[in-house]
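Could you have a look at this structure, given as structure tokens, before my questions?
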Amino acid sequence: MILLQVIVSGLLMGSVYALFSSGLTLIWGMMNVVNFAHGDFVMLAMYVAFFAFTLLKVGPLLFVPLAAALLFMLGVVVYLGLVRHVVRGPPLAQILGTFGLALVLRYAAFWAFTANFVSLPDNLVGGTFDIGGLRIEASRLLGGVLALVITIGMHLILTRTALGSRLLAVSEDRSAAMLMGIRPDRMQAIAWGFGAASTGIAGALIALFFYISPTVGESLALVAFVVVCLGGFGSVPGALIAGLAIGVIEALSGYLIGAVYKDVLVYSLFLIVLWVRPRGLMGTS
Amino acid sequence: MSLLSVRNLSVRYGDLVGVSDVSLEVPEGGVVALLGSNGAGKTTTLNAIAGLVPTAGGSVTWQGADITGRPAFAVVGLGLALSPEGWRLFVQQTVEQNLRLGATVLADRKRLPVLLDRVFTLFPRLAERRRQRAGTLSGGERQMLAMGRALMSDPKLLMLDEPSLGLAPAVVETMYETLGRLRGEGLTLLLAEQAVELALEVADYAYVLQTGRTVLDGTAAKLADDEDVRRIYLGLETE
Amino acid sequence: MKHWPIALAGFVAIAAWPLLVHDVFLQRVGALVLLAAISASAWNLIGGYAGQVSVGHSIYFGIGAYAALTLYTELGWPPIAGAPIGMVVSMLIAVVIGTPTFRLRGHYFSMATIAAAELARILASNWPLVGAAVGLMGPPRPRSVADLSFISPVPYHYLFLAALVALLGLTWAMQRSRMGYYLAAIRGGDRAASSLGVPVLRYKLYALLLSAAFTSLAGSLYAVMVGFIDPESALGILISVKMVIVAALGGAGTLFGPLVGAIILVPLEETTNALYGGSGTGITFIIYGAIIVFVARFQPGGIAEIWRKLTERRPTRVS
Amino acid sequence: MFLEARGIIKAFGSFRAVDGADLDVTEGEIVGLIGPNGAGKSTFFNCLAGDTQPTAGTIRFLDRDVTNATPEDHARFGLARTFQVPVTFEDMSVADNVMVGAFLRHRARAAARRVAEEVLDFTGLSALADTPARSLGTPGRKRLEIARALATEPRLLLLDEALAGLTPAEIRLAIELVRRIKARGITIVIVEHIMEVILSLAERAVVFHQGKVIAQGAPRAVVDDPAVVSAYLGHHMKRVRV
């Protein structure tokens, strides 16, 4: 029973991982750009949620969309102002560009909000459910389910709508997309917006049950990188499966061999997978 | 007045010469063939007209307006569609998605189902495979899809780059029959082709390119009898 | 080496620095510049010359630092004795990490190096032998000169200068040898390099071995000077990032680029830290970040690129 | 046999770019690989150069099986190549680019330097030795690639469209260079789009069409071969009035 409890909470966390990884995988897959500031996007979204709640007194119903909107704008600005230019440069420039951005965001938060951990009140979303003996915190349930819905929604947008089709067209063949009358730069700015917005939603949801600090993005980003590498670059379903798997593995290893070693296990697994399958578990060559 | 008029076009890739002096006229409703061997500059010419590669000199005039240097996404909206070399399909997406992408610039979205129907009537095979990924199609089907996709923007002028390349003879026949039908519907065509005989059968007028220049032009009937065509193609007696 | 007079003047200035300034803060900055230059120059061997952007070099830095202080805490040896051991261990780890990851391209390689370094940090944080999350202390007071424990930064300045000169001398010789040409070819493109008979994987590994050894040395020297390390200060991801930034700012893949980068960034960091005190690290990294965003966006070749453009005779377009 | 390729097949999914091609090269000759777009000659070339491994078939060079050898092994065995789109080492000078090749057989810098200087002189690049490769134009890059390959002291040189995009004057210079390379005793296999080049340069032309060799022989005879004419001019050969 306890094991089941652990697995369920792993799945709920995993679906949040899946959501914030899907933004990263979208950008990575579309442009072969790694956003090293991804974790800091999550961090900013968490602070958006926190301040929306403490200053504006609004609940998740409002602060989740707010975080999505703000992060969408951030994504577009970052693409137009920085990424669009560094992708043309050497690989080192890409890494430096987004890493530099990460530092600026992280330490601007540090400077503005101090290093103190803050968190939203536990009871912001309901208490705890008891489903057939399984105890599930409402905040985690909300976060997990919503994340799952949004990840699947994002996949549907990409595969079932004209916009998604155009986004994919640009990543498949930029010139051919132009021949269709598609403006590649506009599509990629939108992709960055979407990627960042989904990250924003994920961050706001995580804020419901996770501590908030300027450096929280660092470890979360690593999880996202692992998820994306395992799931295959550019694959939202891959991110979903890998995200759930990582969530469960973390929860199980935390329960079975101790919390500190769960990261060790995840990173080791990641390295082993890269070693065996250099393009990820579900990646295509 | 010509629908499309290209004057002294030159394109350079860095310092490589893509084409150095190409001039051609495409009259409304006509079928013009661009002939020449590998590397003569046919593809470069079409790509430059479509706005895929920047021009280094010369001009492209469309319905009397200078469109030289417009980016490809703007050119297609004017009514010039290109089915590019190698098809350049979106292989991860379905046949229908590819076709719908072709209609991106369509202002009147109500026309979309009509155009889709037209393509499916022209190419019943595509209708059968509309939910299949483009990557799973055979060579002939890919060519149909590339052509269909270009038609979805409802162009006045359709440019085709090597429609017969790599296709089995029977498929080529069908392809050219379709071109004949499109022509009958009043579509203007500009095709680059290595298969001379075929191209001259369907075209009214042809230009022959050699090392980036238009070296010969004339009515299809005249060129079909021209000894120079063979010389240019096979590089005989060039000294 | 057209510009050797400038290099010589620079060297003299750096050598004379602690004698010219009497302010301990400035002397300390001088020593820290050299230390940062050592680790960035070491990273430069693989990240700059061979073009393999590792963002996990903290692992080698940490091994060096931990080797120094673990030998002291466990066996009572002078910390500097850990330096050679750290270098050997680092090279072994480099083989373990390099062999599989060099097959990865571009970002995958960078990601894998980050993961490996992060793994090391977590392990160190939970390993009682190396002080776990608390860290390790060096000798509280010098037992002999071998402990290299000085109050004044000046001895460190010359210790670091010697190490840096050795490293740059080695880099210079490497640059001129077959290996230097092969690494430059690899950076120019694996495919073309191997078509000319360059054993790409093997040379990447050679570069990583050298790089890891000297990064480890930098870690040991850091531990010797500061006398205290913990997982964050010896294995944190920022250690790796700083190496990349310092080298890239000055010019990755150039002999003096990392030194130039260190001369600009370290004083900046120390000054902002001094001005804004403990919480000032925020400001430091905001400036750091802004600089590298700026460099990536406008000057991806670093300062070396500007220098090259200034000094190079305008190339006439030739066919 | 100097170079011998037997039954080479290279498939990408269900599509066979090369579909059972054979090629024999004797020492000292210049062989031209020609064919219309998409005929498979470039893929075949890449199999010879070790850049890609054939799905089936064997390649032997100097009685050694090199079918699955790495590109660096090819270089070591004496099989050098140039690329269709030149991949010069941009950050290095022209001379240093050539040095990379020269280091293959000469470990010492001075010896490598001597080889490089000789090759630069031979290819007419001496005056540009200290120029950065990035400031070269494409004709210069193509020449530099040839120089770099020559510095590895090959027995066989594979040229991948070394003349495409050059002006007629540049083509004449390049043809002259290839002839002098042959005079040094180096065997040459050249893939070329431009028929004129093959006609004036190659001693033997091998014509590809749809992944197969459809004709080979003296270039002027080959272009009169009905199968070749049909491959180039189209399917309705019977009615072409020439």
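In order of appearance the chains are A, B, C and D, and numbering begins at 1 in each one.
What we mean here is this: contacts are C-beta pairs under 8 Å (C-beta built on N, C-alpha and C of every residue); 3 or more make two chains touch, one makes a residue touch a chain.
Note that the structure is a prediction, hence the values are computed from the model and not measured.
Chemist: In terms of touching chains, how many steps apart are chain A and chain C, taking the shortest path?
Modeler: Shortest path length, in steps: 1.
Chemist: Which chains does chain A share as contact partners with chain D?
Modeler: Correct list: B, C.
Chemist: Given the contact rule stated at the top, which pair of chains has the most C-beta pairs in contact?
Modeler: A-C
Chemist: Specify the chain most distant from chain D by Cα centroid.
Modeler: With centres defined by C-alpha atoms, farthest from chain D sits A.
Chemist: Report the inter-centroid distance (CA atoms only) between chain C and chain D in whole Å.
Modeler: The computed centroid separation for chain C versus chain D comes out at 43 Å.
Chemist: For chain B and chain D, what's the span in angstrom between their mean Cα positions?
Modeler: 31
Chemist: So, what's the distance in Å between the C-alpha centres of chain C and chain B?
Modeler: Centres of chain B and chain C (C-alpha means) sit 56 Å apart.
Chemist: Where in chain D do residues touch two or more other chains at once?
Modeler: Chain D, residues with two or more chain partners: 137, 139.
Chemist: For chain C, jot down the residues that touch at least 2 other chains.
Modeler: Chain C, residues with two or more chain partners: 319.
Chemist: At least two other chains touched by the same residue of chain A: list those residues.
Modeler: Chain A, residues with two or more chain partners: not present.
Chemist: Considering only which chains touch which, label the overall pattern as line, ring, star, complete or other.
Modeler: ring
Chemist: Which chains touch which?
Modeler: A-B, A-C, B-D, C-D
Chemist: For the complex, which residues does chain B have touching chain A?
Modeler: 50-52, 71-74, 76-77, 81-82, 84, 88-93, 97, 100-102, 104-105, 149-150, 153
Chemist: Which stretch or stretches of chain A touch chain B in the complex?
Modeler: That would be residues 162, 165-166, 168-169, 172-173, 175-184 of chain A.
Chemist: Please name which positions on chain B make contact with chain D in the complex.
Modeler: Residues of chain B touching chain D: 13-18, 37-39, 139, 162, 164-166, 169, 172, 194-199, 201, 211, 224-225, 227, 229-230, 233-236, 238.
Chemist: Please give the residue numbers of chain D that touch chain C in the complex, ascending.
Modeler: Its residues touching chain C are 49, 51, 70-72, 74-76, 80-81, 83, 87-92, 96, 99-101, 103-104, 107, 109, 112, 128, 131-132, 135-137, 139-140, 148-149, 151-152, 170.
Chemist: Which stretch or stretches of chain C touch chain A in the complex?
Modeler: 47, 51, 53, 55, 100-101, 103-108, 110-112, 114-116, 118-119, 122-123, 125-126, 237, 241, 244-245, 248, 252, 279, 281-286, 288-297, 300
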